[in-house]
């Protein structure tokens, strides 16, 4: 009779002990904390830079959170976070109240399925495809098949860059599929031989290198690769920025300088982005 | 008859009724907290949705030409209908499948198979929606695409959601069948009712409340699903004409654009959240009325 | 028995904890009218009680019970003698079981139930809302028609209520368990498997276990709602002998359809009848007087029913 | 029960209606099992290669493409622990009140039940935003395992409560009357009799609740955060397995292999938790010799 009660109590106390011990351990010596929030695209890179920064600076803790570019901008402005990650160039009205530091470049390339024998598309062919004027690959010299247009969701920086370059309004675009992130775009195009979409060039290059069934198309005659983005000849690219409020703390400034230094170029390339010169 | 001395103090009895009083007051507090959570959520949604509602009012959410928040167009109806179609589609398929699988577990399967089948269903309930979405995107969508491009469609959404909500109805139905007293079944069997006759005639009516709970919870899960729907439905803002048309659910809409939304666009997303809550409340009230009859 | 969950209407008063309970009486299983095959009718027991002047254990004054304003029974005034067996007889649906469930305030668990009148247990007013119901129910035990042992071991079935009433000492509990099981004649059958589940026992054994568990709390009165109707004749007669053995030490109130049983074991008999919309007590007296020289014409008809 | 069915079947094998229904009932689980093995097979096929001792014990490297997922497993377990330690008392308590102490048409009971039905439908993304606003900002828990756990607790409550209530309702009233007539107070009746008897219902609720919590992505993204360090306290941000799978598969090129590996680890974790829950309740039931 008593054996059963003791069993139940030991189980419950074990659980509480586990939780308590965890919260105790948190309060170790004065730990300098840095919080970075913002774009999911920049987050993996920022996370790697933060880990290297932590290994080189004793008891510094850098937490990287996601939530999107507008979250990063808003938190940095309001001081909720020390640094905000924004995966696009800032608009005019956003510039005055934050300091902006570019840490990498990211090209945006047009991708189609590997089996699609289209070699290149002119800018106005792409505009016609995306606005629904051209509906079949035959019209641009490919096999007779309906085109599946893959577009990004409203507000995404790649969409804004794409619309700005091709001078389009999102309302004009007639997409068959709307995606959120690069990998979703790549997998959609890889799974549908009649699809066309646009994603980060670095990610596309990495996927092609790993045998994913997609291929990059040149834009405006310039071949799409991290090299052409690096030397500035590729027209479609966006800066990946870290933003801080107007008076960043010394630790924040130290992290920003580290993030812009040559020491992290290998990390930038590892995340398929283009390091700044 | 032997008598023995039994010293039971009335003080001790008094303590016991004190314990009951304490228990009930604690339970009432817990229930109030639980009941209040949904009110907090609705209040939070309204708070965030106010900016755009003040500027635009509620009408444009149904009359605007399209959904392009950057250009101030906020028509939600295609997404409301999208969520409705994908939820009803999946519930209509998952409910019979779930109940039949529960019938299988309780009345047809030998004990060993039933045991492993239940563990399998429990596992299905635990697989993250992102894995379902991932599998859907890589396996299901190209399959549907071969039938009718573009592949990402209402049908893909319905199939994925059916697989995701099936464990909920199956497990709850199974538990409610298990509770039916033996006498009911032996009584029906003694009347020479066939196995199927017993199940339809005796088991289903007896387990009605359990099945009802299962349907409500699975519908809740279907409406609330975000990731999987975002990955397989194509997210095109249109009222789907056929099951092969891509469409966007309200939940996917919030997830897609929340990361980059600012100002009115952001509170418009919260309005779509309110739209979702409105749908859920209507469904719950409707089910309440049906349950009354 | 179709039941739905209880209700908690008035948060303040703890004793008003409601549980929805459809009228116990009208869904009893029909009582197998097989005549009891006990050969000799022990008339002599009845003679002993008649000449001694018994004191009253429970006194009801104009007691009536209403379900959502529909009367179950009305104006029942009866005094139940200490240490005697009083049988409540009458057709089903005339309020016998409802009357029984008022005596130990079990009607608290029935929502929409309202009681009027008064019940005195000794000098204690049972219907007083401030009464400690837990103490009352310890003093007045109740046995149901369908045996309802707890889904625990035989030993724990008796130990659990004792422990709840403050008896913590292990040896004391063991001795009480042994004594009560011996009193109900179950000890020899279960003494080496006290740890087994009580649900594994036969119907008769389960009912005796329920009685044992009630006796363990040494109630002053024992209410029995057709204790034998769900049992086979053999265990029914065993339970009947057990009830007979309770005489003198316990006041027993037994509801039964089985008039022969009432005739055999009851010192006093109360006849309930459905009259003008609710149950009424139409006849109350000693067993001999009610069966041999009934006052009320309805009693005579009902009693003749058994002779004919 | 199943032996008795077989004798029925033998007598009526000629009845083709019987044949149709039996084959229908058998075909449904076959389809479901096929789909299950298709999905699980897909995960195992791609993920089994990743599983190794380092994968389970070392920290992530190169944004998760390589290295292990130890800190992520720890965060997931802690988030689940916080979720269960909050939702079980709250849930079972509410279920007891609804099942035992409120009448069918009592307004308070109906209000709580209806609010739970609505809560069951709230999308995970809305929970994430709500959790972010309430726990992260207003209560100041910041991005932390605590915020994530509390948000998940709100999510699993409806499932836990409805199943627990069903479990309690299934306990026959004989025990309640029996206990009441022996002067046993409601608290002890609940603790010693009704709750143990209702354990099967509680178990279903727990399993479904854990399933829902461990499968949750959108809600945790805004509450428990993205940090993949080893958490040192409940107030540290911790990335859960499902978020890791989401990030690897949707955001990191070349993240698929580890995404499948993490999915496999998550399923194994789920198997362990469900197994433990079943074992604990079985052991607890066993020495209470309950009627099943």
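Should a chain be cited, it is by its letter among A, B, C and D, assigned in written order, with residues numbered from 1 in that chain.
The definition used in the following text is that a residue touches a chain if its C-beta (ideal position, glycine included) is under 8 Å from a C-beta of that chain, and two chains touch if they have at least 3 such contacts.
Bear in mind that the values here come from a model prediction, so they are computed numbers and not experimental data.
With centres computed from Cα atoms alone, the innermost chain of the structure is D. If you compare A-B with B-C, the chain pair joined by more contacting C-beta pairs is A-B.
With respect to subunit D, maximal separation of chain centres occurs for C (centres as means of Cα atoms).
With centres taken as mean Cα positions, subunit D sits 32 Å from subunit A.
With each centre defined as the average position of its C-alpha atoms, the distance from subunit B to subunit C rounds to 48 Å.
Chain centres here are Cα means. That of subunit A falls 77 Å from that of subunit C. Across the assembly, subunit D contributes 101, 169, 183, 185-186, 188, 249-250, 288 as residues in contact with two or more other chains. Along subunit B, residues 13, 16-17, 20, 24, 28, 255, 258 each make contact with two or more other chains. For subunit C, the set of residues touching two or more other chains reads 8, 17, 133-135, 138, 164-165, 217. Touching chain pairs in this entry, ordered by label, are A-B, A-D, B-C, B-D, C-D. Interface residues of subunit D, counted against subunit C in their complex, comprise 99-106, 169, 173-186, 188, 192-193, 196-197, 288-291.
The part of subunit B that touches subunit A in the complex is made up of residues 66-71, 73, 137-138, 141-142, 145, 149-152, 230-231, 234-237, 246, 248, 255-262, 265-266.
Subunit D makes touch with subunit A in their complex at residues 62-64, 78, 81-82, 85, 143, 221-222, 225-229, 231-237, 247, 249-255, 280, 283-284, 287-288.
Residue ranges of subunit A in contact with subunit D, taken from their complex: 3-4, 7-8, 11, 15-16, 18-19, 22-28, 40-41, 43-45, 47-48, 61, 63-67, 180-184, 186, 202-203, 206-207, 210, 270-272. Here subunit C touches subunit D in the complex through residues 1, 3-9, 17-21, 104, 106, 109, 111, 133-138, 141-142, 144, 146, 148-153, 160-161, 164-165, 195-197, 199, 210, 213-214, 217, going by the rule given at the top.
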